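Below is one structure, written out as structure tokens; the observations come after it.
Per-chain residue numbering starts at 1, and chain names A, B, C and D are given in the order in which the chains are listed.
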Amino acid sequence: MNLRVPFATLDCASPIWTASGTFGYGREFAPYFDLARLGAIATKGISPEARAGNPVPRICETASGMINSIGLENVGAESFGRDKLPFLRQSGTNVIVNFFGETFDEYVACAASLDALDGVAALEMNVSCPNVKKGGVEFGVIPAVLTELTRACRSVTKRPLLVKLTPNTGDIVALARAAVAGGADGLSVINTVSAMAIDARRRRPRIATTYGGLSGPAIKPIALRMVHQVHTALPEVPISGIGGIASGEDVVEFLLAGATTVQIGTLSFSEPSAAARILDELSAFMEQERISDVRELIGALVVPAGC
Amino acid sequence: MPTEFSARVLANRALAPGLFVLELADCEPLVGCLPGQFVMVRGEWGRDPLLPRAFSLLSARHGKCELLIKALGRGSRLLERSAVGATLQLLGPLGRPFPVPRAERRDFLIAGGVGLAPLLWHAEEAVRAGAKVELFYGARQEAELVLRERIEATGCRVQFTTEDGSFGRPGRVTAALQARLDEEHPTLLTCGPNAMMRAVVEIARARNLACFVSVEGEMACGIGACLGCAVQSAPGAARAYHYACIDGPVFDALQVVLP
Amino acid sequence: MNLRVPFATLDCASPIWTASGTFGYGREFAPYFDLARLGAIATKGISPEARAGNPVPRICETASGMINSIGLENVGAESFGRDKLPFLRQSGTNVIVNFFGETFDEYVACAASLDALDGVAALEMNVSCPNVKKGGVEFGVIPAVLTELTRACRSVTKRPLLVKLTPNTGDIVALARAAVAGGADGLSVINTVSAMAIDARRRRPRIATTYGGLSGPAIKPIALRMVHQVHTALPEVPISGIGGIASGEDVVEFLLAGATTVQIGTLSFSEPSAAARILDELSAFMEQERISDVRELIGALVVPAGC
Amino acid sequence: MPTEFSARVLANRALAPGLFVLELADCEPLVGCLPGQFVMVRGEWGRDPLLPRAFSLLSARHGKCELLIKALGRGSRLLERSAVGATLQLLGPLGRPFPVPRAERRDFLIAGGVGLAPLLWHAEEAVRAGAKVELFYGARQEAELVLRERIEATGCRVQFTTEDGSFGRPGRVTAALQARLDEEHPTLLTCGPNAMMRAVVEIARARNLACFVSVEGEMACGIGACLGCAVQSAPGAARAYHYACIDGPVFDALQVVLP
């Protein structure tokens, strides 16, 4: 059975990646399964300088989901290269560095400095985090800005550049086209959905920043719709599907909708070995359904005529 | 090394309305873990509740463990209904324990509510190790003071308190502690509501006593990956935040600012 | 304890309404509780002519939610007035007729014909249903069109006109402002979120129309955020909060965020008496927290400084 | 009138891998309901699964009821783990039953899989009413042919079939039916997989027999409110759709097009 898939110029051992911000710097999960089974690890979002992140409370649970506003806490590009990358580099999987900046120039500088690090397989540009007032959502929602930013980052790195789209839009396809127009080699679809929860007794938001990002199985149907819309509009562009994936069948749904790979996010919190279990379930599904090559599934959704 | 494993419910004992002990089998991965450490627990339900819940161990011996749980919200109320024979998913042991009891140190243990769990275990281990500990255990009313026989069986000096005066010394547990501190100069170990722990930390500071707190707060992963369990570091620390799951839940009170 | 709230010119026995399309024509639920306890019933969406609705499958379950594509099946305005309204009129609660059309003129005609019916307390304009290709989402996502349509319907009815907003947008506040500019007396926030599910084995969408609308507790955090955004921008406009409400505490969250009333939707499917249970839980909450008037809660969220 | 009520699990009997019977107490609201009617069931879990599941009654008598369930997806697998003493939320009785057995009518009952539930109950009631029925009950293999003793205890003529020939007549249940129809001219009552029921309807049409089918399909509410359970009406009907929950689940085969 073949589980290998190419994604842009990456060769992935399986279509299962782990999602940025939900898999630490990889090492945290090494006790639970062999990371080499993953097609890639997307790191915590890296900014030029270290960031302390947002005040607490930063997370809260919702029905089949959670809201977070970690505030893109990270060790910064320099410490990442020195302290975190060496472990990741020898983990046997592709290292995709998720990055962001607070300004246009910071984005470009961050991309350039990460490009210089040995062992980075690709960059994933986070233009969609709804948490940070300055660095986040603004770059990701206006198509013209997104094109320009993508083009600028594209020009400073020789590695594949993925753009991670925000779902907080009325037109995901317009954002996808904008990123591709700027030279994106692939799209990550989707980041978290802007959301809120309130402590009814204390009459306060449950998240210190009032709004945070919703993730987990609750958002899967939204993510799947967006992957399908983007794939239908841009069938040649590789998509990494993200949002609430919790089982092997969920993976198959995303592949059928047009994703080439998927990313496991919040489920790694419930179950540190979730990605490995999900990969096992994917293999079992393929065996039952006599599918010898996982690539057969990509975009293989059948939409009956007239619908 | 923390391990993911399935545990079987051996017993589910109601102690008082909304307070119960789950006794679990198949807990070999917890061998060697210590009071103050915790496990993440998920039941056999769907994707809601999605996240596991953290529980301090009340004991972990011979492949079994016990949890003392208060039925509060959605997760704990589902656990309250666990049938004997049901399977729970556990991840553990996690976190850093209280300082191991030592004969040359004298520990005062100040427990509020289900914060009793790690401290009762600590008391049992201390007695076994020949160390002397005293337990201060407070609740609002008598019914909430659970596991009293087992507490007394340790043979430690114990001070029960209730706010309504229905059992033991009336008033707050911290008042009982204060009174006793005029005579002794122990190390304080505390676990319970944040307000209670803040008062204990205040007392420790005023009397210059070593003090260890067990911090609870929202946790998603328990393994240092989500960064959700941040606890503000004490002023002047090198890092803005500590993480309850990997740096704690037990902290030296000088390290962190209790929420 | 006072549970009565005014909403525009309506006097509501409680802040609990039931949501369009999830409470049939009211009669279906009469065996389960006293409908007079409700502040209002929003009827199934009514169009000028009867509609047979979409092919099956029309519903599927998702994590803490469901997707539907009923296709706005309804008996049409005439049959509604003749066959359904008489029961509703004597139910002791406000009857809010949810309506839509396939064209601009149909909307206006529908509003006018419903306005003529005796016993209709208010109209709720559904401009947000993502299911129907011609009649639905197009009217609701372009602010200028929304203003114009609202104004046209506003001019043909003397009853309060609510506009029900779509969450499938990057800027809910712009849509809210557009509806208010057109004369909306209140806003219903939100309708279902566009979504998809796939049958992995059959490789087909689980909903005959490929995409459908996601509802239920899964979307509550998104709905709550949108209610709070709209209330913050337009504090004088009454909002009816909708999305995944399942408990009395959920109601309190929506009121604190700025809703004047709420609507119970999908939960009525899980539990026909959900609205009554939720109202009981709201009363119990108020008693515990010593709140004597439910209106105290409206917009009473405390947002700590600096967040 | 359908009622919402809590029922207690009296027994949870595994019949074969993934097939079980739940026996429930506190089911007084089901008094007087009939084979073919169903209940909506939810367990004590969180908001996932969100919707209740429909189950045809295998019996409802003296304040108890039985459900025959196949563990398939998320809801039924959680129900499979129901502990004795657990509480389930029920709504019922719902839907329209099979035509009540009558001495002057001869019913052939064609059951596949868990479609046995309403038809076994129908057979029991028919015998009690002095009516003659014959049961055709098919599965893939012997293990899946459950409740055989109880079926035989009815005293009706029974034809078991298995596709792999491991028990009863080898082949499909519809082949057994066909063979027997050369001798008789009964009314057909069927419940089971759609493919099987379509074949039964074909046979009925060819031989001009009255036929009743019990239609399963996604249901959210069970009471005619969600319009999710639409079943296409037969060509020429006044309405485009019938609704399985209120117009069915039992339909005259002439009324609807099976999905």
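Everything below uses one rule, namely that a contact is a pair of C-beta atoms (placed from the backbone, for glycine too) under 8 Å apart; a residue touches a chain by one contact, two chains touch by 3 or more.
Bear in mind the structure is a predicted one, so any value in this text is a computation, not a measurement.
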Most widely separated chain from chain A, with each centre as the mean of CA atoms | D
C-D compared against A-D, more contacting pairs | C-D
Here the gap between chain A and chain C, centre to centre from mean Cα coordinates and rounded to Å, is 33
Measuring from the mean C-alpha position of chain C to the mean C-alpha position of chain D, what distance in angstrom results?
-> 36
Just how far, in Å, is the C-alpha centre of chain D from the one of chain B?
-> 51
Between chain A and chain D, the Cα-mean centres are separated in Å by 45
Which residues of chain B are in contact with two or more other chains?
-> 46-49
Scan chain C for residues touching two or more other chains and write them down.
-> 63-65, 216-217, 246
Does the chain-touch network form a line, ring, star, complete graph or other?
-> complete
Chain B residues touching chain C - in the complex, by the definition given at the top | 46-48
Touch list for chain D against partner chain B, complex | 44-49, 74, 78, 81, 83-86
What does chain A use to touch chain C in their complex?
-> 55, 62-65, 67, 141, 168-171, 193-198, 200-205, 208-211, 214, 216-222, 224-225, 228, 244, 246, 249, 252-253, 256-257, 285, 289, 300-304, 307
Please give the residue numbers of chain B that touch chain A in the complex, ascending.
-> 1-4, 42, 46-52, 89, 91, 217-218, 220-221, 223-228, 230-232, 239-241, 259
Could you pull out which chain C residues touch chain D in their complex?
-> 22-24, 28-29, 31-32, 52-53, 56-61, 63-66, 68, 70, 73, 216-217, 246, 266, 268-273
